[in-house]
Amino acid sequence: MSIKTEEMVLNMGPQHPSTHGVLRLELTLDGEIITKVVPHIGYLHRCFEKHCEVMTYPQVIPYTDRMDYLAAMGNELGYVIGVEKLLGIQVPERVEYIRVIMAELQRIASHLVAIGTYGADIGAFTPFLYCFRDRERILNLFEITCGARLLYNYIWIGGLSHDLHPDFVRLTKEFIREFKPNLKELNNLLTFNKIFIDRTANVGILPLETAINFGITGPMLRASGLKWDLRKDDTYSVYDKFDFEIPVGSGKMGTVGDSWDRYYVRVLEMEESIKIIEQAIAQLPDGDVTSAIPKKIKPPVGHIYSRVENPRGELGYFIVSDGSTSPFRVKVRAPSFVNLQIMDELCRGHLVADVIAILGSVDIVLGEVDR
Amino acid sequence: MKSFEEISELLKNNFSDIQFEFHPEAKFEPYILVPANKIDTVCLFLRDNNDLYFDSLINLSAVDDFNGNKIKDPQGNEIMQGGTMSIYYHLESIKFRHKLLVKVIVDRDNPSVNSVTSIWNCANWHEREAFDLFGINFNNHPDLRRILMPYDWEFGHPLKKDYQNPEFYQGMRVPY
Amino acid sequence: MIYDFLYNLTGSSVLAGFLIALLPLFAFILPFALFAVLLERKVAGHIQDRLGPMRVGYHGILQTIADIIKLVQKEDIIAKENDKLFFNIAPVLTFVGSYAAFAVIPFSSIFLGAKIDLGIFYIIAVTGLVVAGILMAGWASNNKYSLLGAMRSAAQIISYEIPTILVVLSIVMMTGTMSLFDLSENQTGYFWNWYILGGPSMSLQKFLLIPFMLIGFLIIYISTLAEVNRTPFDIPEAESELVSGYHTEYSGMKFAMFFLAEYANMFAVSAIVATMFFGGYQSPFGYLGNSLNMSWLIPLEQFFWFIFKGIFFVFVQMWLRWTLPRLRVDQLMAASWKYLIPIAFVNLLIIGFITLI
Amino acid sequence: MGLLDKEFSDNNILITTTENLFNWARLSSLWQVGFGLACCAIEMMATSASHYDFDRFGVIPRPSPRQSDVIIVSGTVTLKMALRVKRLYEQMPDPKYVISMGSCSNCGGPYWEHGYHVLKGVDRVIPVDVYVPGCPPRPEALLEGLLKLQEKIRYESITKKNNEIV
């Protein structure tokens, strides 16, 4: 006599403490084991692509910040590189170096939020606040250069809005010197904590073939064992002048491609970013940052796809221009939008608590998912 | 690492019946034009051929070309008749590190094209977004419904150039 | 003692009984709960590099009073779908479960609710009530998250009572008494007479016992942590997964009852651990009262030492909460059934052999 | 405010003192629903982190709306999300307040003109007590918004209907 059990649909609704924003996960549960996950998105769809068709090229930049609001510099860089290729502008060396420094600082800040909220999801609330404490220092650096903490409108087409603050270099060196011990402290507080490893190792294992088939990019792909980073494989800006290596998931605590690997790849990436910043600051040339900014921006007819390695993965802009001053169409390939599709594959057969662990390791930002 | 010409050669002698249009002269990205109903067979070949091996679809974007003739509809706001929409498939092979852009042109009034979700799972949500914002329906797509707009949004597809904002949606005023 | 004093004060045994039942609540639990909530927020703040409540009174002293008065004003929502009877009884039952345990806890030699000689047995029986209260709350809230939270917490509390009982058994076997009062009396003198260091008698037995007493202490401390739903075992109210577990639907004073029950339970559990292993109200360095031969001072000192030990263990619980992540449900069950219970059994056997020597 | 609402016609010593006590208690322990929408949510998290610390004012994030008094609408309210925000507001027990943080929830923000899916201001769905301008507002601006709300609560009165806010 088998007991008739039926599945329960649990709505991890748009307002849930740990869904990183407004994402609704419809879980079909058999007891506590998950049989199906249907993500419902669109709760933060802010019509970015409609705005691109109406605004002129420079006016679109503040809207790109508001897509992935944790990595605003990366969004601007992607868009601006695309338009500069359309226009065929060559940007002075100093601008390239400053853009690399800003993008890498933004990567550290974004990874700090990702790691902090991941710790808070698993239950350890203190690392979240330590990460935010270090992030405040980076926000101060951004604030002294371009006046804003989170959304900057700093990287313009052909240059930058402001030059660096006189003691920016000194403050950055100070930050790097103080950040290294903090990273070590974070490691033994959270990364190698026995309970944290139990909760994340062998949870949500992502094999490499499914990752490539699902178009996963960024730390998630590298955690599954593939050394694929746009800064090295499809080099843009001046990343070829720096030597840094790409951390890859090694399955130290479980199998390759589990949640712990995705988390640990982000921690290692922060160390790589520090190396890049140190080298970039050492070789920082001087010059005028606003010299190459064109007065009139009317790119020729055509379409281009420019892509950048954002903290969450490959951010691509497909810009179609019809020769007027405002883009005809801008389609954004947002990394979180693509990475979120894998939730159903990863969460099958896990418990409810694991869904939170997996969602935290996938690290999505809803502004980018819904655009 | 295959150049654009070699890929075109390979495609030409494999699919002699399909007439492609090759555009190597497009300045930034040379692309291949494929007819709408043949896209899935071509993509399957592009993925499974082991010296092309396009195993990853980077991006699928729909563009409303808005090149029909403008007419006035009864309420006085002008809508577009005829014209075309184009869909761009950016493919990439991680093994050989080469990229390819495939373009499909569908007519604007009732755009329909075969879905490539069975080939690359990544296309699932991209196609649902193209359907949601442009109204392009993809044949034999696993579950084609709106993804970004509310599921009961019956005021048309917002990203079309001649889209009109509704006055009210469930008791809330939409325009400012 | 206190009962006789109240009896000849009021003349009627019913009134005296009623007063002595109220004494721990108003004299100790309510002030302690107010203090503990503030302590938790201050400890959390300072662990996390911030200050905690500062603006309400001097350095946030009046914060919890403000919380309680605000909770009194809150609207008490009972949803249409809720099962009214159970919904209202649940917080009362949870609070009664933890409050009743205070009846037998020996605060000092003269002040003792009831000197029954089944002390520990009574406490374990009474704290079982909390499970019923939580299950009622989970069921009555008619909310999937509360039901999941209640199921988990019932399973957790029951499966962590077994290691607690085993360790209590080993203490009772060693000392021969169940009454908390006698337990505290046996551990007189200095701290090397405490049970954690092998008990009062100077013999080979004492030195053999020390390692096993330490293991017993660790086991009971971990399992009482789980019984009180504190991190790393606070699955029932895991903010990140189940919104806030079984008390998601409670607002206003009912939620305050759950809040109060949690902190009262925390102190009750720390008091039991202190009484069994760390000499209850005995002071580690002898009494000032003896040296200044003011004999009325001794009970006050004992009261102070007991509160000190209780709050120290409560502080350690808070410390754990803000550093450790949370266990998953099956790991939590595995920890209890696969690790704590076998070790507690072996510990029990070894202590049994040692007491036979 | 529950039972005592509008029972008394004028002030007397008994009313004003208990009123001040109740107001003081309500304003110094505002529990916030842990609910963030977009970029302003990151600034709200930064405000409750160690550097700016909301907890100093007695504000702690509560996971469920049942136990919270203030809802900080931080981010863009889209049409799809608007009904959820309205339902969330209705779940909260009665003396409840709303802080609308960021120009997106104040009036639609940068999306006011072409945002076909954006609700132009959260006050079209729920009553708002304090508007905090900025995109995203700095943590100090949010703290100032909170203090403004506390001032408003301090002078709330069960007798006088509309008293002027300092």
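The chains carry the letters A, B, C and D, assigned in the order they are written, with residues numbered from 1 in each.
Definition applied: a residue touches a chain if its C-beta (ideal position, glycine included) is under 8 Å from a C-beta of that chain, and two chains touch if they have at least 3 such contacts.
Everything quoted here is computed from the prediction, not taken from an experiment.
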Report summary line: Per CA centroids, the chain at the heart of the structure shown is A
Query - Whole-Å gap separating chain C and chain D, where each centre is the average of the chain's CA atoms - result: 37
Requested in this report: Provide the C-alpha centroid distance between chain A and chain C, rounded to the nearest whole angstrom.
Outcome: 45
Query raised in the report: Which whole number of Å gives the spacing of the CA centres of chain B and chain C?
Result: 64
Query raised in the report: How many angstrom between the C-alpha centroids of chain B and chain A?
Result: 26
Report task. Send over the residues of chain A in touch with two or more other chains. Result -> 17, 42, 45, 47, 50, 129, 133, 370
Query raised in the report: Which positions in chain B touch two or more other chains at once?
Result: 148-150, 158
Report task. Provide the list of chain D residues touching at least two other chains, using ranges where the numbers run on. Result -> 34, 49-50, 63, 80, 113, 116-117
Query raised in the report: Which pairs of chains touch each other?
Result: A-B, A-C, A-D, B-D, C-D
Query - Sites on chain A touched by chain D in the complex - result: 13-15, 17, 21-22, 42-47, 50-51, 54, 62-63, 66, 69-70, 113, 128-129, 132-133, 135-136, 139, 149-151, 366-367, 370
Requested in this report: Enumerate the contact residues on chain D facing chain A in the complex.
Outcome: 33-39, 41-43, 45-46, 49-51, 63, 65, 75-76, 78, 80-81, 84, 88, 110-111, 113-118, 135-136, 138
Query raised in the report: Of all residues in chain D, which touch chain C in the complex?
Result: 1-2, 21-22, 24-26, 28-29, 34, 49-50, 53, 55-58, 60, 62-64, 66-67, 69, 91, 93-95
Query - Of chain B, residues touching chain D in the complex - result: 148-150, 158, 163, 165, 169-170, 172-176
Query raised in the report: chain B touches which residues of chain D in the complex?
Result: 79-80, 82-83, 108, 112-113, 116-117, 119-120, 124-125
